[in-house]
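Same chain, two partners: chain A is paired with chain B first, then with chain C.
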Partner chain A sequence: MTMNRRRFLGTAGATTTLLGLSGLPLRAQGGTLNVTAYGGVWEQAIRDCFVAPFEAKTGATATVSLGGPAQWLSQVEANPEQPPLDVLIMSPDLAVLAAEGDLMDDFTVEKLPNLQYIPQEFTDACLGKGTYFDYGVGGITYNKQIVSEPPRSFADFVERVSSGEFIASVPSISYGPTTVFFLWAINNALGGDVDNVDPFFEAMAKMKDNLVFWAGPNDFFNHLASGEADLGIYFDGRTWNHVDEGVDWIDFINPEEGGAMTAVAIQKPKNASDLAWDYLNEVLDAGNQAKFAEILNYGVTNTQVEYSEKLASRVTPLSEANLPPYADIARVRNDWIDRWNREIGM
Partner chain B sequence: MRLSDIALWVFTLAFFIFMILPIAVVVVISFTEAGYAAFPIPGWSLKWFARIFEYEPFIDSLITSLWLGVVATVASCLLGIPAALYLSRARSGWATVITTFLLSPLSMPMIVIGFASLFFLSALGFGISFLSLAIVHTVICLPYVIRTVAAVYRAVPPAYEEAAMILGAGRFTTFREVTLPLIRPGIAAGSLFSFLTSFDNLPVSYFFGSAQTNTLPVVMLAYMEHQFDPSIAALSTLQLLLAIVALVVADRLYGIEKMTVAT
Partner chain C sequence: MMPTVTLSNGARRALLLAPALIFLAVFFVMPLLDNSARSFIREGGFTLSRYTDFLTDRFYLGVIAETVILSAAVTAISVLIAYPVAYVLVRKAGGFSGLMIFFLIAPLLTSIIMRTFGWQVLFARRGLVNQWLVNDLGLLDAPLRWLNTPGLAIAALVHVLVPFAVLSIASVLQGVDRRLEEGALMLGASRIRTFFEVTLPLTVDGIGTGAILVFMIANGSFVTLVLLGGGFQTLPLLIYQQFNTTRDFALASTMSTILLMIALACLWLQLRLLRRQGV
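Up next, the complex of A and B:
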C-alpha cells in the first residue's frame, strides 16, 4: 500500500478523532455523578454502602474515582467552573483549605436532611462547607507477645520509651496526618497547645534513641512484624483490620488523655451536579454508615448509628477522642514541619 | 587473588544484596498464603495473583496504562525521530537551544510537570481526560526517543545518505532505505524506554486520575494506602515479568547490546 498525502492526512484525521472521542474531558454530566474513594476495601465499601443505594433511589449512575484528597482538590482547583468531580473525600486539613478557598458549597439541613444527625462541631470544623462522616483515632498499638504491660497514656509512653524499655515506631513527617494525630496529640497530652509545641519536641529529644520512623502505615506493621519495634503510634481501625486478617498478636489502646480523632470529610465542589446532594445524604444515612463501619472497622459520625457488639468494643467513642483544631493547626503547620526537619529530620 | 578481583567480588555481592534481594523478597511475598505482607512467608499460595483479576480497578487501569504507553510512545516517535534527525546534523546555536528544551523534562521534577500540566491543559479545555494524559506522557517520553535516536544517528556517516541521493534516491527513499535501517536500534531502545517510562509513571498520572483515566501506578498507590494484603506484591511480580519479557523480545529483535550502545 502506498501512502500518499491524502491517505496520510485521512489516517491522521481518523486517529485524532478516535483519540478525541476516547479522551473527552471528564465533566459532571446530567445523570452521572463522579464520586471519589480511597483504594482497596474502601472503594468496595463506598460502592456497596453509598453508591448502590444512591443509584437505586435516584436511577442515576455514579462512577468512582480512586486516588487521594490532594489529587482531587488540585483537579477541582484547576477546573472550578466545571469541576470534574461532584463529591470529594477529604482529609480535615485540606477540607479547611478548600473551604477557605471558597471552592466548596455550604452544607445545610435543607439540602441534606441527614445532616441533623451529625454533630454540629464536625460541620463547623469544615467551616460549614462539608462535614465528617468517618473517623479513626490515633493511639498506641503494641505487640502483645513482647509487651505484657503496655503504656496506658501518652505520658507513660514517652516516659517508658525514653528509658529504653521499648523501641517505638512512630510516623515520620512525610506522612500527611503526622502533625495532627502524633505531634498535636502528644503535645496536647503533655500540656502544650497549638502555639507552644515545646513539650512535644522535648519528648522527642528524650525518646530519640529508641525510635524508628514509619513513612506509610504499612511500614508500621512491618516494624512490629519484624521485631524492629515493640509498639508505636497507629490507628485503631487499621489495627483491627490487621487482627481480622489473622494477625492475632497486636492490640490497640486509646491513651487516657484521648487520642486525636483523624476524620474523613466529604465536600461538594461549587458548580458540581446537584445530584451530589442525594449522594451525600446517603453517605450521612445511619443505616449506610453502620454498614460502612462494619466493613472498615472505623467509627462513623451519625449519632443514630448502632454498632454491632464486635464493632462497639472496637470503635473509640467520640467522647473519648479529641477533635484537633484543624483550622488552627493549618495556620502553624508549616512552622511545625520546619522545626521537625531541623530537630528530628525524619 | 588480586585486590581488584576481591573488590569486584565485594561489589558484585553488595549489588546482589542491595539491588536484587529486595526484589526477590517481593516476589516471594507475592506467593504467600498469609493475608498480610511478612517475610519469611508461612505458606505458599497463588491467591494474590487471583485477587489481581478479581479487583476490577487493577485490570481497568492496566488496560489504560498499556494504551497510554503505546499512544505516548507512538506520538514520541512521530515527533522525536524527525527532531532527532534534524538536530543531530544541524550546526546552528538554535539547534542546541531546541535540543536542550526538548530534553528538559528529564531534569524537571515529574511532580512539577504534572501539577503545571493539570492547570495548563485545564485552561486549554482538555481537562481530566485520556487526551491530556497522552499529551503529558508524550512530553515526558519524548526525550528518551530523541536521545537514543540522535546518539545512533550521529554515529552514521553522512556519506551513506549522500551516496544514496547521488545514485538517484529521493529524500523519502533515502530515509526509508538507508537512514531508517541504520537508526532502528535507536528507535527500538527509545521506544522501550519511552513505554516503560510511561507505564511506570506515577507523579504525572496522579494529577490526571479519574474513574476513566486512572493508570496502574495510581491505583496501586491508592490500594496500598488502605489495604494491607500482598496483592501489590503479586502485581509487582507480574510487572517484573512483563519488563523481562519486553527485554527478551527486544533482545531477540534488535539485540540488547546494540540498544545499549545507542544510549
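Up next, the complex of A and C:
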C-alpha cells in the first residue's frame, strides 16, 4: 500500500484537529445563553413562557439543555471556571448542596427585580443562592371507580393500607424526591422529625404487604390504570394533567396534615454569563409564571400571580402545604436512603 | 510527481487498527480508569478502605450474591429455552426459518421499556392474565399479585435475553456436520444418545457464547428490574442510586469496579470450563 505523503499528513492533521475539538468545553458565549429544562411538556413550557420573552427583550438567544438536576450539577462541578450551563433548574436538596459548595451566585433584588415578589423563605431555603419558582404538593391520588371513601390524612392512609383495604402505589427510593415528599411527609405526619424517622419505617413495615413501588411518575399512572394499585402517593399537578388529558377517574387529596411542598429551584452558576440575570428575571415574572402554571397545572411562587378559576381550584395554596427543611434533610438524606435499602429494599 | 511513503505490513496493520484502538482508549479505557481511580482516592491519598468497608458489610455482600445468582438463574433458564428453539430453527423450520428469525429479532426492535410495560399490563392485579384466571376461567377467587415478584422479574429478563442465546447456539448448530450424527445413528445409537454424545458436545461452543452473552447483559441489567422490581437488590440498581440520588460517586465507583471484576471473573471461569470441554 502506498500513500501520498500530503494525504497522509492531511489525514493525521484532520484527526488531531477533530480530537482536539472534541475536548473543547461546550459553553454558552457572547449573546447565547444555555438554560435547562426537563423533557416533554416542561421543555415546551420553558421555551414558550421564559425563553421567548427573554429573547424578545434582550435580542440574545437561549438554547435549552434537557436532562436532570444531578446531571447538570455534575457538569458545573466538573468545570466551575467555565460552566457549560448558565441557568440550572434544581431540586431543593441539590440546590442546597450546590449553594453549600459555593458553586452558585447570590440572588439579590438588585440583580433580579422580580425577586421582591417571591417569598423570602424560598430564597433562604436555597441559602440565598437561588430561589423556588414552581411547586407541587405530594398527596394522595386515587382511582375514584375503586375507592369511594379515600383516606383524608396520611395517618388514615397508613392505617387503611396496612389493614389491606387498599393496595397503594408509592415512590421507590430510586426516584430522587422520594425522601422529601414521601419519607419526610409521612414521618412528619406520624410525629417524627428529621433526626427520628422511625415512625416512617414502622409504618412501611406495617404496609409492606400492600404496597407496590413506582420508579417514575408515569409508572404510578400505569399502576392505577392497570389496576395494580387503588391509590397512592403522587403530585397534585401531575394528577390534574392526567385529568386534562381525559382521565376522569382519578382525583387528588391534599392530606389533612399537609402534603410536602416539592419545589423547583433556579440557580445561576458562578462564572456563568451575566445574561442569565435577564433570563432569571423573566422566570420570576408574574405574567410568565402564570402562563407556566396554566400549562403545567403546578403552583408558582410569585405572589402577584393570579390563577385562572380552574387553576385556582386545583393549586394547593402555599398555606396548606408544608415546606420541608431541605437543608436539614440534605444532611441526613444519605443515611435515610441507606436505611431504606437495608430495611425495605429498592 | 509527489513523493510517496511506502508502509511496511506492520505499519499498515497499525494504521488500520488505530481508529478502533483510539476509539476504545478514549471512550472506554480512559473513562473506566478515571472511574476506578475515584474509588481508590480519599483526601488526596491512596486507600482501599472503601473496598474493605464494602466487602465486609453483610448487606453489600448480599447484594453481590443476589446479582450473581440472578444473572446465573437468568442465564441457565435462557439457555434451556434457547437450545430447543435454535434446534428447531436450524433443523426443522425449513422454509419457515426466516419467519422464525424475524419473530426472534422483532422484540429486539422494540424499546425495552415498552416490553417491560407490556409485562405490567399483562400481569397487573386487574390485568389481562388475572382477568382470565378470575373472571373468564373462574380458576381463582381473587387476583394474584404477580408484579414485584422475583418470578416475574426473572421471566421478563429471560424474555429479553433469550434471542441472544438462540442466535449464538443456532450459528454453531448450523455448522455441525450432519454426517457425524448420521454415523452415530447408523452404528446403533438412539436419537437421544446421538444428541447427548454427538450434537450437544459439538455445540458447547455456541452454548458457551450464548451463556456468556446473556450472563454479561443480565449482570448489568437495570431497566427491567427498576420497572418490575421483584424485590431484587442488585449492584446496577445501587450504582444508579449512588450516582443519581445520593451523589456518592466514590461508592458508586467502588461498586462499578467490583461489578466489573465479578463480570471478568465469571467470564474467565466460563472460558476455562469451555476449554476443559475441549472446545
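As a working rule, the second predicted complex is superposed on the first by the 329 of 346 C-alpha atoms of A that agree within 3 Å, B and C clash if a C-alpha of one lies under 4 Å from a C-alpha of the other, contacts with A are read in each partner's own complex, and residues count from 1 in each chain.
The rule we apply is simple: a contact is a pair of C-beta atoms (placed from the backbone, for glycine too) under 8 Å apart; a residue touches a chain by one contact, two chains touch by 3 or more.
Note that the structure is predicted; figures quoted are calculated from it, not measured.
Taken together through their common chain A, the two structures put chain B and chain C in a clash. By the touch criterion defined above, A:N34 reaches chain B but does not reach chain C.
Touch criterion not met for A:Y117: it reaches neither chain B nor chain C. By the touch criterion stated above, A:Y307 is placed in contact with neither chain B nor chain C. By the touch criterion stated above, A:V64 is placed in contact with chain B alone, chain C being left untouched. Shared-chain residue A:N222: touches chain B and chain C both. When the two structures are aligned on the shared chain, A:I167 is found in touch with chain C, with no touch to chain B. In the overlay built on the shared chain, the residue A:N79 is in contact with chain B alone; chain C does not reach it. When the two complexes are superposed via chain A, 74-82 is the only one of 56-64, 74-82, 182-190 or 218-226 in chain B with C-alpha atoms clashing against chain C.
Residues 19, 68, 222, 226 of chain A touch chain B in one complex and chain C in the other.
Contact residues of chain B toward chain A in the complex are 34-38, 57, 71, 115, 118-119, 122-123, 125-134, 206-207, 209-214, 218-219, 221-229. By the touch criterion stated above, chain A contacts chain B in their complex at residues 19-20, 22-27, 34, 38-43, 63-68, 71, 74-75, 77-79, 82, 84-85, 216-218, 221-222, 225-226, 238, 241-242, 245-247. Within the complex, the chain C residues that touch chain A are 2-7, 12, 22, 26, 59, 117, 120-121, 124-127, 145, 147-148, 226-227, 229, 231-233, 237-238, 240-241, 243-248.
Of all residues in chain A, only 1-6, 8, 19, 68, 70, 73, 94, 97, 167, 172-174, 176, 212-213, 215, 219, 222-223, 226-229, 333-334, 337, 341-342, 345-346 touch chain C in the complex they form.
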